[in-house]
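First chain A sits with chain B, and in the next complex the same chain sits with chain C.
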Partner chain A sequence: MFRRALLPLAALGALFATQALAQPKTEITFARFFGACEGDYGTSQDVAKARGECGVMTTLVNLFNATNKDNIVVKPQIIEWGPYYQQLNARIAAKDIPTIAVMHAAQLGDYTRYVEELDGVLKEAGIDAADFTPNARNAVTVGGKIYAMPWDTHSWLWHFNVGLFKQAGLVDAQGQPLVPKSAEELMAHAKQMKEKTGKPYIIMATSGAGDFANGARGYYSWLYDQGGSIFPNGYEKADFHTPASLAAFGVFEQLAKNDYITKGLDGSGGLGGFMNGIGAVYMTGTWRIDDFLAASAKPGGALSEGYTTRIFPNLFKNQAVWTDNHSWVLPKGGSTTPAARKAALVFLKFLWDHNFDWARGGGHLPSRQSLMADYAKLPLRQYVVDIPSFGRALPHEVRRQFGFQNMIGEEVANIVNAGKTAAQAADAAQERSVALLRGR
Partner chain B sequence: MAEVGSGIGQSRWTNALFVAPYMLILFGLLIVPLCLGIWLAFQDYDMLGGWAGGVGLENFQNLLDDRIFRGTVRNTIKFVLMTTPAFVVLGLFLALALNNALRRSGILRTIFFGSSVLSVTIVTLVWRLVYLPDRGLLANALGLLGLPGVDLVTSQVWALPAIAIVTVWWIIGLPMTLFLAGLQQIPPELYEAAALDNAGRWRTLTGITLPSIRRTIVVVAVIEVILQFQLFGQALLITGGGPDNTTRPMVQFIYEAGFRDLQLGFAAAASQVLFALMLIAALAQFWAGRRQGA
Partner chain C sequence: MRTWQRGRSLGDRLLLAAVVALAVVWLAPIIWVVGLSFKPNEVLMHSTGGILTPPFTLKNYVDILAASSVFGWMLNSTIVAFGQTILTLLIASLAGYGFARTNFPGRNALFVLVLAALAVPEQAIIVPLHTMFAAADLHNTYTALIVPRLAFPFGVLLMTQYFRAIPPEIEEAALLDRASRLKVFFRIVLPLSIPAQATLGIYTFLHAWNDYFWPLVSATKPAMYTLTVGLASMQTNFAQTEGIGFLMAQAVFAGLPVLILYLFFQRHIVSAVAGGPLK
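And then the complex of A and B:
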């Protein structure tokens, strides 16, 4: 009888002992975009096999949750990138704040009041800020202080369907596509492409709320090639009527007038269109390189005769290109306990240590200078590795950069889809910029 | 007996407990936010930066001066004018056609209502594939007929009607169901009497059916006006407000001003304009409905 009573007591004691010894779980929230792909990567921990932004991000979180020694659980909060900042704003206003959040460096200027300064934090986490590339350091530094851990540098590229370029006779002796060096040359190449293949030279997605960034990134790149700025007279008043601005809009006007650019395509239509050979050049970012390489490896596909990529071409004076950076911020109030804050730093360090995995799988340029040489050895990356040296972005003093990107992109879409002239687009952008900067 | 019935008709404070849960929700989730919204419309309120004092009518003045906002008011009214009559006429037509006990009518009623349960994301995804230039269902269908493809979503004339078509396809089920309920309230004796008088189909429709469901028609029209003034998801996901702002509705403007550009006061002012428009349109329909009934 005594033994029968003792047994459950012993089991209970063992249970308490186990619980006392086990470290309590620390959950931290991790707000990000980059898509959701649990179907493909839900349980994967093999980062080397992960492809694309979503694959790498999901696998990294899986790996961290499975292997960290501190019993930390990272809970991803995945939001579509289009409305990401709108939702983050609402969450900050409602005090529902994530522990760690992804942020484009271009947005940091608007958020410095709401995210922690990281100079000391990075040191505490064991992250060496001296290893930041100059581009990445500049991107996360506002008023001399670091507000985010840079995760990459990304930029705008031309992706080439080499088969169509061969068909149009627009290749050099090595069979590589000829990249235009002026707006006139671009139009001449586009004309030749249309005559020889019947297809538009440029594919660009211009329809749908998430696609407006495309036109803005092209506009910025051609503006920067001319040494231009939309804020020549201080950051509180934009000027879209400078010769450089009109010329940047003008390239799109010429392309649209002559039907050298696709009209009315959304993001998936543009991507699918390029994969199916509806046009010769696809304007999109560094993050698509691996997807297109994989597509070109499939026999019989539209890219099977060759795919390559180049930096967004300089049509004017000096090579420059739009760049931005994904980065990680610690929103103020996101770490509710010291344990959560410590866990956030452990996870940031883990991400820092896997920056190359992100660059390899996600396609972006690494934010660590020490990884650049290895990055350049990846397929086609030799063509993009120089981007950080001449990449440009709006200064952090410019408020509402997300609004500007959207508005400029809409006006480029209006040129492409609605037949606006460059001057009309500049007029509209000018008027809308006043409304955009009216708030605080 | 007198003691038992003495409480009836008497006012006791405890009676209020029966309506208290509803009133709490009404005040907490409707009246208070409504009043806050009206107050916000006269303030300089940044979503992240907080409150910086009252600005009087400045937000409304800025709205008046804003060409994009004026465009959204035009677009929204146009959209309501396109869709509401379509919902009433098409909903009534479907209800009349399917108001019987036949098995196939039951199946068709389910099919027509079925699309209403889909989310706006799914609906717009499907219709984007229909409208896709060159390779979409519409382009392919026209191609089969030997006709040139049309690019509806990039046309400044056709983009808004294209969104109206999506909307009608999506939620025609609700007006149809309301009309079916109305039709089933009509006493069958009226139709029997009309048949005895040799009334034709048209005469029966105009003499019995339509007068009998007059209130349902007003209800459907008012519901649709209120719903369609709130156009947002379809426009955002199909055209993003383009081309050249010809499909940007007021709610998208409010969303962008408040959540993207952080100008909550300005966005609240735009919300009040939308509220006023909806109120005027709904009251006008009620008034017209009552006058006809008088």
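And then the complex of A and C:
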């Protein structure tokens, strides 16, 4: 009797034991910023409904953990965006290395010693590098080798309050805003806007520590439009006194001198200001399109007479615009076992397969050429879909790119808020660049 | 006499008015922060004014509490803050008493060395400190979060000065009765130094509670985050423009335990600060 009762129990135990042995859990760590939003997306697996960077990332990890057949568990290690790289540096130094980590393309040049080359790895994971957009390919390729899986392209746009453009008479026959094609035309449009509406042509946030990137992205875009570079003679020394650099600073000087641009606004003031109609054009990124579309759909709002967006306008020779990219790297030493490494590749492939979800919900451009046609069908994306073909960034050989971005942005802010001239800003940037390049 | 009283009364009134005005100036941003924390983020994207008018929401606080780790982070902060405070008080008091009352070779040189450490910024030592703890495999532990902050020169200076101000005759009687130095310290001197201990304790606790950079680089596993690091990790990349209400709720939430602590120990804290450590 006792034996008879014991047998089924033993069989059940053996079954559980076999299953546990057959599918051991493999945990991998996933270091990223983008925030945490368990309140809204804690258990969500419906990526189609996810909105915002945090929402999409959280949902994607939930979905992967729930559906992958390999018993892989992705453990997010989320850190605030501001000090993310300081912490990553500390983790690498302490050998506390995440399996996968997010990385900006602008940072990748500083990390090639610490992350794996992915040329062969991507193929092993089933990721087709031939599908990278030209911009994404440049973003993750350093010295001819791929060091990351590109996740997006993000860039700099002009967002238009179409109602104010109509009021100023600056629209074409279709009611679309006239986009200036030269610095002179920009000043003429801005003058007309101010005379007809009493409002500044451009809203730009320049006063908060996090706002300095705004001015730098504008400067870079107008510099690249001229085919210019801040490193015309190698990467040992920057040159902010080239005609192209002075012209890019000069556009801001003219805008500020004539009060065609807002002064002293922080990010919150700039965003709220645009939504409340304090100015006609808001300089910010691709990620704001859906917010402004939602605001324009509300009757009676400052954008209710129309909102649209265009790529940052080319005022000089060639269309070019600042871009940066989020990408995924495999830090060296992050995969502690062959199983963890295999799991990392499975997860990378999963992310690759959901690149469109990120572009749609996260507000960036996809990194895959094959998704561009679908991306262009999203609202207003037809105006920005060409960015990956001519978007530009500093070469990877330039170290401390965020340091340069911050410093240039501060100098643009000094022009806008404190009345510095373009030449004075160039002098200051030149001097400050020496410290940034020291110990390169 | 009456004239003098009237004059004093007017002065008092003016003083009171000035204090009220300063309190309003000090309180206004705090009220604003609390007000914004109850406003929907979508509304604040348009404008951060109108904190007293609807709509209001509790969602920002609900989102904080929805984070599965938030109470773990709070516990970590509590352990770290209390651990640092208690150990700092002990070490600074013992060191301060040693410098104030005992003679040993190299005392003055050692004291100068402690004072010199006041001039060394935290940033200058963060790399070697991090490397040392990494070599000892101590990151992501309470030890790593507490121990580096125990070397607190200001605390030693504060306690040294305080002990020097206590008349030595009080101790001499006990020493004549053959009480040991440690006994004198714990039984006589330490109770007399409560105001200084309170001041140093409050300062250390607040510093530990609000500490950000060292916990950021030392506690890299989410389970070991302190409240400051954990709450910051929840912020989206555009929190300053699209998540202002959430940011403000985080500030209120992080400050709440300290406020509660203040309410409980208000009398001691006020007397400690008003009495002054060197009195």
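Remarks
In the analysis below, the second predicted complex is superposed on the first by the 418 of 440 C-alpha atoms of A that agree within 3 Å, B and C clash if a C-alpha of one lies under 4 Å from a C-alpha of the other, contacts with A are read in each partner's own complex, and residues count from 1 in each chain.
We take it that a residue touches a chain if its C-beta (ideal position, glycine included) is under 8 Å from a C-beta of that chain, and two chains touch if they have at least 3 such contacts.
All of these numbers come straight from a predicted model, not from anything done at the bench.
When the two structures are aligned on the shared chain, A:Asp70 is found in touch with neither chain B nor chain C. In the superposition on chain A, A:Asp259 contacts neither chain B nor chain C. With both structures placed on the common chain, the touch criterion links A:Ala93 to chain B and to chain C.
In the superposed model, A:Arg400 makes contact with chain B only, not with chain C. After overlaying the two complexes on the shared chain, residue contacts for A:Phe212 are found with chain B alone; chain C is out of touch.
After overlaying the two complexes on the shared chain, residue contacts for A:Gly267 are found with chain C alone; chain B is out of touch. Shared-chain residue A:Asp172: touches no atom of chain B or chain C. Once the two complexes are overlaid on the shared chain, A:Glu236 sits clear of chain B and of chain C alike. Residues 83, 86-87, 90, 93, 208, 210, 266 of chain A touch chain B in one complex and chain C in the other.
Chain A makes touch with chain C in their complex at residues 33-40, 42, 52-54, 76-81, 83, 86-87, 90-91, 93-96, 208, 210, 266-268, 270-272, 275-276, 287, 291, 295. Those residues of chain B that touch chain A in the complex are listed here as 44, 46-49, 52, 62, 66-68, 128, 132-135, 151, 153-154, 156, 236-244, 246, 255-256, 259-263, 266.
Chain contact summary for the complex, chain C toward chain A: residues 44-48, 59, 62-68, 130-131, 133-134, 139-140, 213, 216-218, 220-222, 229, 232-244.
Looking at the complex, you find that chain A touches chain B at residues 83, 85-87, 89-90, 92-93, 110-111, 113-114, 207-212, 262-266, 269, 273, 278, 400, 402-403, 406, 410, 413-414, 417-418, 420, 431-432, 435-436, 438-440.
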